[in-house]
Amino acid sequence: MRDSAAGDVQPSLDLGFATLDLDRSRRQGLPEVVYGTGKTADEIVEIVASLVAETAGPVLATRIETDAAAGIIAGVAVHVGHRAHHDPAARTICWRPAARRTTNVMVVTAGTADGPVADEAAAVAAAAGLHVRQIRDVGVAGIQRLLDRVDEIRASDIVIVIAGMEGALASVVAGLVAGPVIAVPTSTGYGAALDGITALLAMMSSCANGVTVVNIDSGFAAAMAAHRLAIAIETRSS
Amino acid sequence: MRDSAAGDVQPSLDLGFATLDLDRSRRQGLPEVVYGTGKTADEIVEIVASLVAETAGPVLATRIETDAAAGIIAGVAVHVGHRAHHDPAARTICWRPAARRTTNVMVVTAGTADGPVADEAAAVAAAAGLHVRQIRDVGVAGIQRLLDRVDEIRASDIVIVIAGMEGALASVVAGLVAGPVIAVPTSTGYGAALDGITALLAMMSSCANGVTVVNIDSGFAAAMAAHRLAIAIETRSS
Amino acid sequence: MRDSAAGDVQPSLDLGFATLDLDRSRRQGLPEVVYGTGKTADEIVEIVASLVAETAGPVLATRIETDAAAGIIAGVAVHVGHRAHHDPAARTICWRPAARRTTNVMVVTAGTADGPVADEAAAVAAAAGLHVRQIRDVGVAGIQRLLDRVDEIRASDIVIVIAGMEGALASVVAGLVAGPVIAVPTSTGYGAALDGITALLAMMSSCANGVTVVNIDSGFAAAMAAHRLAIAIETRSS
Amino acid sequence: MRDSAAGDVQPSLDLGFATLDLDRSRRQGLPEVVYGTGKTADEIVEIVASLVAETAGPVLATRIETDAAAGIIAGVAVHVGHRAHHDPAARTICWRPAARRTTNVMVVTAGTADGPVADEAAAVAAAAGLHVRQIRDVGVAGIQRLLDRVDEIRASDIVIVIAGMEGALASVVAGLVAGPVIAVPTSTGYGAALDGITALLAMMSSCANGVTVVNIDSGFAAAMAAHRLAIAIETRSS
Amino acid sequence: MRDSAAGDVQPSLDLGFATLDLDRSRRQGLPEVVYGTGKTADEIVEIVASLVAETAGPVLATRIETDAAAGIIAGVAVHVGHRAHHDPAARTICWRPAARRTTNVMVVTAGTADGPVADEAAAVAAAAGLHVRQIRDVGVAGIQRLLDRVDEIRASDIVIVIAGMEGALASVVAGLVAGPVIAVPTSTGYGAALDGITALLAMMSSCANGVTVVNIDSGFAAAMAAHRLAIAIETRSS
Amino acid sequence: MRDSAAGDVQPSLDLGFATLDLDRSRRQGLPEVVYGTGKTADEIVEIVASLVAETAGPVLATRIETDAAAGIIAGVAVHVGHRAHHDPAARTICWRPAARRTTNVMVVTAGTADGPVADEAAAVAAAAGLHVRQIRDVGVAGIQRLLDRVDEIRASDIVIVIAGMEGALASVVAGLVAGPVIAVPTSTGYGAALDGITALLAMMSSCANGVTVVNIDSGFAAAMAAHRLAIAIETRSS
Amino acid sequence: MRDSAAGDVQPSLDLGFATLDLDRSRRQGLPEVVYGTGKTADEIVEIVASLVAETAGPVLATRIETDAAAGIIAGVAVHVGHRAHHDPAARTICWRPAARRTTNVMVVTAGTADGPVADEAAAVAAAAGLHVRQIRDVGVAGIQRLLDRVDEIRASDIVIVIAGMEGALASVVAGLVAGPVIAVPTSTGYGAALDGITALLAMMSSCANGVTVVNIDSGFAAAMAAHRLAIAIETRSS
Amino acid sequence: MRDSAAGDVQPSLDLGFATLDLDRSRRQGLPEVVYGTGKTADEIVEIVASLVAETAGPVLATRIETDAAAGIIAGVAVHVGHRAHHDPAARTICWRPAARRTTNVMVVTAGTADGPVADEAAAVAAAAGLHVRQIRDVGVAGIQRLLDRVDEIRASDIVIVIAGMEGALASVVAGLVAGPVIAVPTSTGYGAALDGITALLAMMSSCANGVTVVNIDSGFAAAMAAHRLAIAIETRSS
């Protein structure tokens, strides 16, 4: 079809069970990312193989259970032969990671149980070419752990703060740094933590100005938000 | 009636619209506190006059709107002639405040809008004889405001932390002090703050160990919890 | 006090009812913004006058009801004599707006009822020196209104999308642009719109990658998030 | 018993554990549909066999797990010998599908994970004799996928839109077509998607006029609503 | 702009505070309806005058408070001189009502307090040219009131059921009729009725197949859904 | 119409805005009760006058604001001349109260603020002919107030327990008495009391067996439940 | 200890992990019922054996999984040798059922999936000596199924209505019968049915007067409420 | 780093996946407690071994599943050779329990199913050196069980009340004792108990003054709150 605004081609590919947005890469700098939940391994293979064949840039699948990864990698290899990187902690597989870009991202977690969400954020951001560093388990119950490392955090272009329970770390970090803070509530905690809803609402209500929030446990969404920011940063700095 | 456990008298007084617990003072160290919401001025006068006449110790009415205070004070004076102290900011009236006790309480607020809740907490605690100090507007968005004053806070027997929005101050304070922390969520904030529910859930889910929480905007409940703690402290130290 | 990490001075000013974070401007590029709700006009005057006197850069008060604005402006003038800009639609007053910066922000609303939130976002962003343009009432029920203007939106560094009801505009815009998208749910709508909670949850759950979300009706938070992004952009491009 | 309004017989059949509404077909154009959840295979067999024996028209069982299907089909065959069609993706078994009617239905899904709900909608609608077409995975994150196919959608009598996460597809489709739109929220998504509650509330709050909504994941309810609409359409067009 | 799918013109009109969808009438058979809540009288006048001038067919404003109606009617008259019909019970004003169409709608309410929602539904449906009849206060607590009138209800093309509290009327009506049932939950009731949320959830969970639901108190949405159905009916029967 | 089960006449009266269930008295021992909220004074007058004229037994209107009562009483008098009893505390007006029956009901409240709900319960029960006694303000914070009066409570056929906040009184009373306990949650309290939802959920979850619950603040519902119980009691004892 | 009100002995038995209320039978006509969830088989055996040994009347255990039943029965037999009745559908075991009483209870369910809750209600009521009859699957989608059997229902002293989804059956039944109606919401349904919360809220909000409600899926609570009612009925009729 | 307030060292230890707060013991009288959920056995071993090696005082791990305990104990022994105490009921392992302190704590539960939460509270409090006694299963349904033991409860410095369902025990106990009451809602119950949310909200809304509340099922939090109180008590009494 023709883009009503600009007239350029916006191709898509109908696989019957899925309609691939082949224009995504041109429009947003990255091809569609394949969200593994609710898809069969065969569906994932077919989608990934199509994306590898039809688009440029990194092809990424998220929320891939460890058991399924080898089969998916092998299935894709049959079609297009590309090498894949599987990160079990992040539950991601990446084909053709992006070249290293200039923007750097700091991922900070409140507790050790927030680790898998940080792993996902880091893997997705790295696949997109961002430079990622991490600081773990510096929640506010022992705030000197955080204060010790403020300079490292301030030195980053973008900060992703990952916290469950009451999510207070997002407010404290946002009070200490000037740049963009993307908060990720996690489902860490129990009872009144409401599977992450409490942290989500708390981060939304932060007394620190300008904190933005993404969905619960979505390291992926935080990394993609960082990718969007990096586009703005790199467009201007290039 | 006879106390089933101890056999001592537990008097109560039936006013028709209310049944006063005249034994409260003996049992808990303070007479019943009169909660003004939902009671007419005449009812408050009759209850207060009865409590002043029939019990010893401070008689306290809370949630008294400023318009109604003078009439209540005058109405009570007709009956029992006692002097009253009206604190408009706290919305309290106190007759016969308690003698000064040895326990001291620090009331800390996150923002200026939390002030009225702190006023209620301070007025109720003072009526019960506790020594109260306050630090206001030291929320975590500018955490140096809090760190500057940690020594003052640590020097108190009991800390009451009052915060709305995401309520993060409770976790940070509890991480810095060793003694009891009573957290009061407030309805400060809007949208995702859910009229204080978010702060309540967040404080409940605090990553700092051993924070206890009372009802939204209830400076009163925090002060009464402090009174309970002070009984334990003073029993042992006497 | 001394900053534990960097050793530099972080002053604050205790007004009794408030503790001003005088270091905010150094730390985050803007002085504290005064949130008017829950503060008396006298308190606002005292805080603003102190910030004007003690800090550099724009001083901004938000959520100021129109009736109170003239009194506040006059009250501040007594102290420090600075000129003020009152924007009744945005409910803001600004003293010493920032110099024009290089980052531009596009504010897009779904419906006319979302206008006041857009006004607040625009006023706050402008006070911070950002360049702001607006497109109003291009909700998805008549999607050609949005498609007509995609090029304008894509030409901005940062997009703020403001929508109530089901909040679908955020997903559609984020699917069309590559750069950062900050979504603001509004309380527009009734019944199942739940005073903005539905739009908040929907924006959080967006199928478009990397949308970030701020609190309901908070044009302010969106503008401050844009300010944070602009710092990252301008740091790199300078 | 006698129908109080019309005097005609409204038979029902008491099986002890169930009371079959044998009049349903006369009253609504289709016999009772058997909802499999919470019933044993034996109960389903007995109900289906009774309906096949005592009523005319298609007999349909939904939410039948694949493991149970063969046993149910065999069990029913013992009693009445009718042929059955099992659709594992839709989790339905149909005996005696209806003759093809004149009304056509378009089923549109936002993502591949919404497929099973679409399968149920399509299977139930087809069993009722409606003509069904499907378009899959045209969510708003890549809106050109939808715009490409607007003409196909507009050519249908009835549109069923199936979407999880924020459910924005329902609003966009309803803005593009003139005829009836039945929205089905799905439990696709996580965190703030609240197992489909967010999509349900969002669809209810749609800015596009006249969207109607059925229960979460209920392809069945959407198909039955389409059946009701088709009765109105076909009554008038016959 | 050009419609990407069909190439035809889709005009819109930018009023600054609003962007009118002038193509709506061509696309959906009715011009944009003006939702009064959150708009000033001047804004409503400008929008209505533009729609009257630039489009054909009925122009309708809803949720207009009685105090504001005369001014709006007068304001519009200055511009385009058209006659208006104000229905205070429905809170609507209509200019140029549509010609009478062939589809008829029955509006049934459970209680007298649901009347205003029925008034809105009836006024909007009538403005769109549908033939409307009403039956009021036949809730299930005295079910003979409903059973007495089943034949009248069955004789309609479309049934709109309006009920608050537990909303049971929708299920009972849907069990008795074959055609389309649009359920409108209302905020009638208190306590556990949760301002209509309970009726909304109950109608969504109806044991009667194929009930569709619109937003709480939205007689407007129900009427627009009926308009959509009528398009399907009339397209086929013409 | 004819009752489908029993063949006897079930009259109803269509007033246009309301359909009166004239058979209610025969079927349930009391005519329809007129719920005042959401009805105009004229509507109430017309309904009451019709019920007085067309039915036997007590005619009761509830939730009548004090300002409206005299006008309603006068309006009804014009039509049918019956005497009325207005209870401002209960917000009820009763015409032709029932003769005294043999069943007695004890209404127990937890706090003075629960008084209006008790007033409504008592007025409605008395209008229905039940014998009502009350005990007020015996909440569990001073449990000797309740224990003192257990014998009185046990001597009643039916106990209605009215409590807000945490609603604990219902569990304690139900643990002490053998007969039926109807619990009424009230909206007394604030914050976590959630306008009565907390008490409702708590009473539902009572550890005392066999507590039944009615809607928040509904003294009316409790009295009607007592009326139902009294029918069972009196049927058997007569 | 001594009962403060009446002076009679109220024995309890401390088992370490449990404190048995041995006075329950005297106070409420039935010994404590053993709720199996969360207790080990050994704990259940010890509690049941103690109750059989120390009290009179039926001893009942509920929520006993089928796998555990034989072991519990055997374990109890070692201690006290009494015969037990295990009802797997109801998940109950009963020792020494009560003698048949005069009160009869009708249990009505809306759907076949509500059967297990009805089984529990019937088993508990029967253990308490009540006479129980059942009517199943007469939900309002085919209301003639219910109307056919109104006379049977009206002939009962007490009606228990069990329904999930929207729970409308409770309102319809309560509109048809005069005596006490105890409504039990069930977790039958999905999506908007919210695991029974929707039915609970709907039953609470019933437009039919005087419906009382117990906890979700609690056939037990309904039966115990019936037991309480039966005490009132039988006390008066004896 | 240097403590900004006091200048003393606040060491922390970075393990990569965790950052240990080695200063916790100095600051709060106890080293960090290791929360087992979401950590691998290897991570727990490494953390515990580090804490044993680097800090003084009791090292405690909570929420350790029984299967994992032996391996953890063995793993730690390899590193530091300390003896461990595993309490399977409490799911805790303790190394180097604290010396016996002077403060005593009474743990009271409402039902037998609340036992595991009491076990955790008791184990944690004992590890911290507090003297713990317990009373179990004295819920308010048989209130004489509680009244029998009031003197024992009153003799404690601190009372922890653990209850699920409606949580009424907290209010009743707090009405009977003068000292501090820490309420722990539990997830005991079903349906309207909402996995402990109902008890949490009810305890928050307690009519008994000064009850404080911790998170659902968190025996740990209650014990830590008791530890904080004990510090205040012992500081003053020493």
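Per-chain residue numbering starts at 1, and chain names A, B, C, D, E, F, G and H are given in the order in which the chains are listed.
Note that contacts are C-beta pairs under 8 Å (C-beta built on N, C-alpha and C of every residue); 3 or more make two chains touch, one makes a residue touch a chain.
Values in this document were obtained by computation on a predicted structure and should not be read as measured data.
When the C-beta contacts at F-H and at D-G are tallied, the pair with the greater total is F-H. The pair from B-H, B-C or A-B that reproduces the interface of B-F, where over half of the contact pairs by residue number are the same, turns out to be B-C. Rounded to whole angstrom units, the spacing between the C-alpha centres of chain A and chain D is 36. For the pair chain B and chain G, the distance between mean C-alpha positions equals 43 Å. Centre to centre, using the average C-alpha position, chain A and chain G are separated by 51 Å. Residue positions 1, 3-5, 141-142, 144, 147-148, 176, 191-193, 197, 200, 204-205, 209, 215-216 of chain H each touch two or more of the other chains.
Taken in their complex, chain C has these residues touching chain E: 112-113, 115, 135-138, 141-142, 144-145, 147-148, 188, 190-193.
Residue ranges on chain G touching chain E, taken from their complex, read 110-111, 139-143, 165-168, 171-172, 174-176, 189, 191-194, 197-209. Within the complex formed with chain F, the residues of chain B that make contact are 1, 3-4, 10, 12, 16-21, 23-24, 32, 35, 37-39, 43, 185, 187, 196-197, 200, 215-218. Across the interface of their complex, chain H is touched by residues 4-6, 27-29, 33, 102-103, 144, 147-151, 157-158, 176-182, 200, 204-205, 209-216, 220-221, 223-229, 231-237 of chain B.
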